[in-house]
Amino acid sequence: MMNTRSFFTRLLRSVAAPVDSARTAERKAREAIALCHALLSERGEVSGAALARDALAAYDALPANAFTFFVNFLARDFAPLPAKIASAVTAYSLEASPRNLVALQRAVEPPRQELFRRLNVAPGATAALVDMRRRLLRELKANPDWYGVDADLEHLFGSWFNRGFLRLERIDWRTPALILEKLIEYEAVHQITGWKDLHRRLAADRRCFAFFHPALPEEPLIFIEAALTERISTDVAPLLDPELPEADPALADCAIFYSITNCQDGLRGISFGNLLIKQVVYELGREFPRLKTFATLSPVPGFRAWLDEAAASHAERLPDFTCLNDADWFANGLLAERLREPLMELCAYYLTCVKKNAEPLDPVARFHLGNGARMQKLNWLADTSRQGMHRSAGVMVNYLYRLADVEKNHEAFVRHHEVAASHELKKLARECVLAADGISA
Amino acid sequence: MMNTRSFFTRLLRSVAAPVDSARTAERKAREAIALCHALLSERGEVSGAALARDALAAYDALPANAFTFFVNFLARDFAPLPAKIASAVTAYSLEASPRNLVALQRAVEPPRQELFRRLNVAPGATAALVDMRRRLLRELKANPDWYGVDADLEHLFGSWFNRGFLRLERIDWRTPALILEKLIEYEAVHQITGWKDLHRRLAADRRCFAFFHPALPEEPLIFIEAALTERISTDVAPLLDPELPEADPALADCAIFYSITNCQDGLRGISFGNLLIKQVVYELGREFPRLKTFATLSPVPGFRAWLDEAAASHAERLPDFTCLNDADWFANGLLAERLREPLMELCAYYLTCVKKNAEPLDPVARFHLGNGARMQKLNWLADTSRQGMHRSAGVMVNYLYRLADVEKNHEAFVRHHEVAASHELKKLARECVLAADGISA
Amino acid sequence: MMNTRSFFTRLLRSVAAPVDSARTAERKAREAIALCHALLSERGEVSGAALARDALAAYDALPANAFTFFVNFLARDFAPLPAKIASAVTAYSLEASPRNLVALQRAVEPPRQELFRRLNVAPGATAALVDMRRRLLRELKANPDWYGVDADLEHLFGSWFNRGFLRLERIDWRTPALILEKLIEYEAVHQITGWKDLHRRLAADRRCFAFFHPALPEEPLIFIEAALTERISTDVAPLLDPELPEADPALADCAIFYSITNCQDGLRGISFGNLLIKQVVYELGREFPRLKTFATLSPVPGFRAWLDEAAASHAERLPDFTCLNDADWFANGLLAERLREPLMELCAYYLTCVKKNAEPLDPVARFHLGNGARMQKLNWLADTSRQGMHRSAGVMVNYLYRLADVEKNHEAFVRHHEVAASHELKKLARECVLAADGISA
Amino acid sequence: MMNTRSFFTRLLRSVAAPVDSARTAERKAREAIALCHALLSERGEVSGAALARDALAAYDALPANAFTFFVNFLARDFAPLPAKIASAVTAYSLEASPRNLVALQRAVEPPRQELFRRLNVAPGATAALVDMRRRLLRELKANPDWYGVDADLEHLFGSWFNRGFLRLERIDWRTPALILEKLIEYEAVHQITGWKDLHRRLAADRRCFAFFHPALPEEPLIFIEAALTERISTDVAPLLDPELPEADPALADCAIFYSITNCQDGLRGISFGNLLIKQVVYELGREFPRLKTFATLSPVPGFRAWLDEAAASHAERLPDFTCLNDADWFANGLLAERLREPLMELCAYYLTCVKKNAEPLDPVARFHLGNGARMQKLNWLADTSRQGMHRSAGVMVNYLYRLADVEKNHEAFVRHHEVAASHELKKLARECVLAADGISA
């Protein structure tokens, strides 16, 4: 822990690290790589921890502009040898025996993976590797050669961050400030404006849970926020109001998940959300046996973008929505009343009928439907924050998690792309003016 | 923890599980495998934990004679598809791009690995998988088809049990009885005869450390026992004497490692010993700055077996050693005195000059020399227990761990098969009657 | 903890401390007392911890035969000043104001109490003071002057060991060996023969709980052992049999308390048993809602002694019980059958009718009746161990704890000396040959 | 902990408790007192925890205006019986034996103390009793009859909150927010303006420690804040600046205690500060062996009030200080320069020569000198906050804690009222215009 700590301190310091000349940067990257080579050699096997520490420290001390050189070296120097692959392929072609298969597996595995495993012996290395992938991902498009490095890290992390090794922990006002501060920083759905806001989100009628990994004891991987309410929430503003009086959680019959945030960009592709929601449904059901409904109150983040395109393509059949560009349109009661019906229909249509590769275009819909949830209800002007108006035109959806149906819904979704939705929502979608033609995006 | 616990309870119960008819056993194995298939399917992705639990429970409830069927299914049904491999090989041959390489890596990875990763979500699964490999290894020779299953588990464990995830913990009289009991059971070098014996080994002038993994919090992976002494120990009997008065550890200048035990057969091939010794040297040095010497007092387990062969091959040049078959020969002072010189010379010769594949034949020598230790001193009649006489003719060796030399020794050993040994020991070896001819085993 | 630890080590060492000459012993006691005086002075107020440590170390290092000198000094030098008492009495007599009352309270409080409070700042001091009282109590009769010292310690401990500061902890196989070892040592009712015996007593169908104080984290104050059974136990042998197969606790409807042991002689007079039993009844009821009966299986430790006296006084009306002196009489079936009726009647009579100061003569009966339990059932040959035959003639009693009746029973007992007993037991007592005369002890 | 928690929740709720009619309030107080009587009776002994819980709940639910009634009852109904005292006094007068002394002690002890001890069995009771004394103290002057109740609580707390039972804990950014929030609330010397301010005070170059009691695990009793600096601080502003860059604590040679706050009004008279400072000096010395100077940077809170009086009494000899009433006078460079010499001299004079009952009039000086510290240095315009100017005219003092001198200083102070001060400070005081006459307050 000590070491993780000091590692993060160093990380933070390195943010401000001065940029060296390209020549110096490359030289330093080369020196760090030399330590990586040593770590992979026989010598590395025995000097173990010491060498791993040195290599990590060298990486960690790199100037900002040495990162690209460093990953380039990783991509080039620690890839599997084509000759080895070729001979393993040949052997396997001649005899597809278990031994030859294992030999082939080994031949195609990049030495990088073993390097990363050995680096991981150093204190703080797991955090450093997750951070390395975060930086790498930001520049992956510009560096297609890094594809293999990324694949190796993702493969390792898939193994290391196996759900079986994670701890679900309740986050409340007893949690160390160090961790709470990260919630404030990471929250991606409904920004936390400060400690007072956070305190309200951790009060008696709220719950917050996160997954942690033993090697990153102070870094939440993902967290979810829920409100315990007396009926299903259809408006997010009260849930986010720091002044809202606390309710008695014992009277609640409903748990509303209003935010779920992945904290570690470096773990992209390793999915925790599905398991987190279900485990939390289970934990809450145990603590509050009166809870009957578990649902989200979710944004429709792709709605406005799609609507703009649709409005352009079908200008003749759709009302003029340019008024939506005025962020305050909802304050105009008459206007809002006039827009309500067409927008709600279009949103229902968008959520249930607009697909990409046969799956819903909306990413939040895709996530919850893929988890086996059901699209239950659209809520008009349920999020009038800037972001809520900008992306979702203020509409929010309740996705319902009924554990008994989750598996069935999921299978129907995965096999037949069936969208589980309430009658009400399907009806709304059918009434949409675009519905007749089966128009998609 | 709860679940790990209940899993072990079940494990213990299953030991006594009645053996079913072959037909029933095969049916049950097939049913467990069906759950494994479900777990790997899309359905498994969403129902996650529940299905993993069911599959594990089904495996766990198998009658003893269903294990073979079960592993056969694993070997056959969860192997990579040759057609997929072939097409990935072809694509890669045409263009050795990073993407094609990753695709090839995925094509050769058996679906078993993903199955094991998903199973691991169930409580107690890590322990169950380690135990599965333990059983598998016992019958691997008889079932060459299991080679791939074993390789998959070893590969996973190599990742999961990465040193970076292990915790070094001191074992003392404050440790839960549950764990201490396992030390008694597992100790492989010098049997622990009961709680009193154990208590002495954990007294103030002793130290015991173990590695633990977060997913197996009550299962030591490996443990090491050390005595803090005023000079280097040359006789193991006092170290093992439960009646020996406690010494003041603050006066010690020497730490003698007299036992190191790997606890989990299922983790064979995942090496912890090297790292454990070095970390413990570091911890002890911090706690007791007066410590100057870190050394083992180790058996020579292959000596007698080799000696018997050597005596047969070189009957004309070696004394008659049949008297060694009498376990009590050492009690005969005259005899012992007569044997001392030739046996010590032969043992030194055996340790330093007798090789197999260029490495020392003796497994303990191989381990410590591979770690970078130096063979320091032979001790006559240092272990007169039955096992000590039977395997090592009573001789024990001090291997010296000098951190400053460890890396150099290790490299010389790995690259040039050089055996780091003291002058005294080399001299003894040279004086051996077999030395002249450079005779090996 | 470190320090508590080392303190105990020193305690143990001091057991073997050589006895000095009386002159030296007195001198050393005087020196330790001098440090106590310093600690009570102004100087002590500021140098606080350091001086307390020195004083404690000096006390701790006293030779065995200095203890009497030391306590004599405590009794004489740290008593309240008569003159101060007299003037406070006078002031209070003139005006019984709150201020004068508080002044009187302060005048009569021995400076010893403040001394003990200041000593308590030193690490390990709480343990040392409890131990001091243990030793003091053993010699109190011979040293009537120590009465005030004892009263001071008891008064302090009554405050420090308030139930509100104690932690109830479950003892099981996960408990540190250090604590388990003390259970083996302390158990006073049914001796624990070793680790195997203890392990069985901590198995799944058993429960053991203890009270701990934060300042003595490794010293149980009192512990209780219970068996979870399918009906009320009437025979202690199976409960104590280490080979008894484990039962499924989920099937139990009965919790039998078969042993309760006060661990700290130095806390005599500070009663924990009553609260412990009730808290454990509560905890067990929560863990196992099926439990319906909470009862003890208790010895009748005063029975035989009373019987011998009764037999002497009423020789003409009672059978000849000299055969009871043969520890194995119960093995003689005919004899046992013949003794059964008269002994059971006499035991019932002893328990319910034989009083001392209007309370039952039997100490165990007094304890449980005082707690509000009901005497439910006598069990014939229920404890045929040496001690069981010797003290209780093999008879055991079930005391029933029904939380609903506990308060009522207790009040009737305390106010009117009413013994709560079952009809069956009362009937037995009435049938006793001594009953007619209302003979008591 | 659960229960402590819910108790505090109730406490908070009760703050807003509506005030009942006097008649209802008295009735409710009487009902709560009836439960206290029951708790003290025999019945209370056995039903223990349950009755204690009821009594505490009744107390806790009292309307705000019932508190006075309740304490009145405590004062009247739970006092010792004069008749019992009289007879114990008589017996003791006749024979001053240990037994009669103990009997007298018991006779004068109010039954309230046993009541409080029994109440303490209920969860959360310790916190409730501390809070009861806090409220009682606020109205003690108006209710002289409560003197005995206060004395009983103080006596109990003196025993319960013995230093030997407290835990010193470091407070940092890993501490639960629940506790950090209390620091913000409680800080009495230099107000903490929010989480950002707090975060800076817990950074790497700062240390904060608090004492906790096991029964109040989430309530600091007292805390101290220190800055690790490269030389002795003479200005508090940088220490309190949230934007000050973090320094490397390894380079510090000085620890400056700039704030020490008692958190629990209900524990008035139980002194922790002395022990806390010394323990923290010890802990810091261990963590940072380079630290050489341990000193405070303290206000002179009584200076201005004294100065006003002195200015009035000695108008002819002192400059006109009315300009000090303008809070911003220090911003006027010329004025400040002119005031510097006389104010510094007067302050030195005030600190070292102005006494009350032979001790320094200034409370902070009394505290640190009583602890054995030395007055080292006056600092001009060292605290220009409103409060700093208002009370101390901006002057601050460094009190030096040199462990080697602490005991000597303390004794000289307590015995001879000697003020340990540096030459520089004494010289300043001598130069003061009032010095000649030896004028005191």
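All chains are identified by letter, namely A, B, C and D, in their written order; residue positions are counted from 1 within each chain.
We take it that a contact is a pair of C-beta atoms (placed from the backbone, for glycine too) under 8 Å apart; a residue touches a chain by one contact, two chains touch by 3 or more.
All of these numbers come straight from a predicted model, not from anything done at the bench.
Fewest steps needed to get from subunit B to subunit D, stepping only to touching chains, is 2. Judged by contacting C-beta pairs, the busier of the interfaces A-D and C-D is C-D. If each chain is reduced to the centroid of its CA atoms, subunit C and subunit D end up 40 Å from each other.
Centre-to-centre, using mean CA coordinates, subunit A is 49 Å away from subunit D.
Residue positions of subunit A touching 2 or more other chains: none. Two chains count as a pair here when they touch; such pairs are A-B, A-D, B-C, C-D. On subunit A, the positions that touch subunit B within their shared complex are 42-43, 45-49, 75, 79-80, 82, 85, 89, 92-93, 96, 98-99, 101-102, 104-105, 108-110, 117, 120-122, 125-126, 144-145, 147-148, 151, 155-156, 158-160, 162-165, 214-215, 274-275, 278-279, 370-372, 406-407, 410-411, 414-415. Residues 9, 173-178, 180-181, 194-195, 199, 204, 218 of subunit D touch subunit A in their complex.
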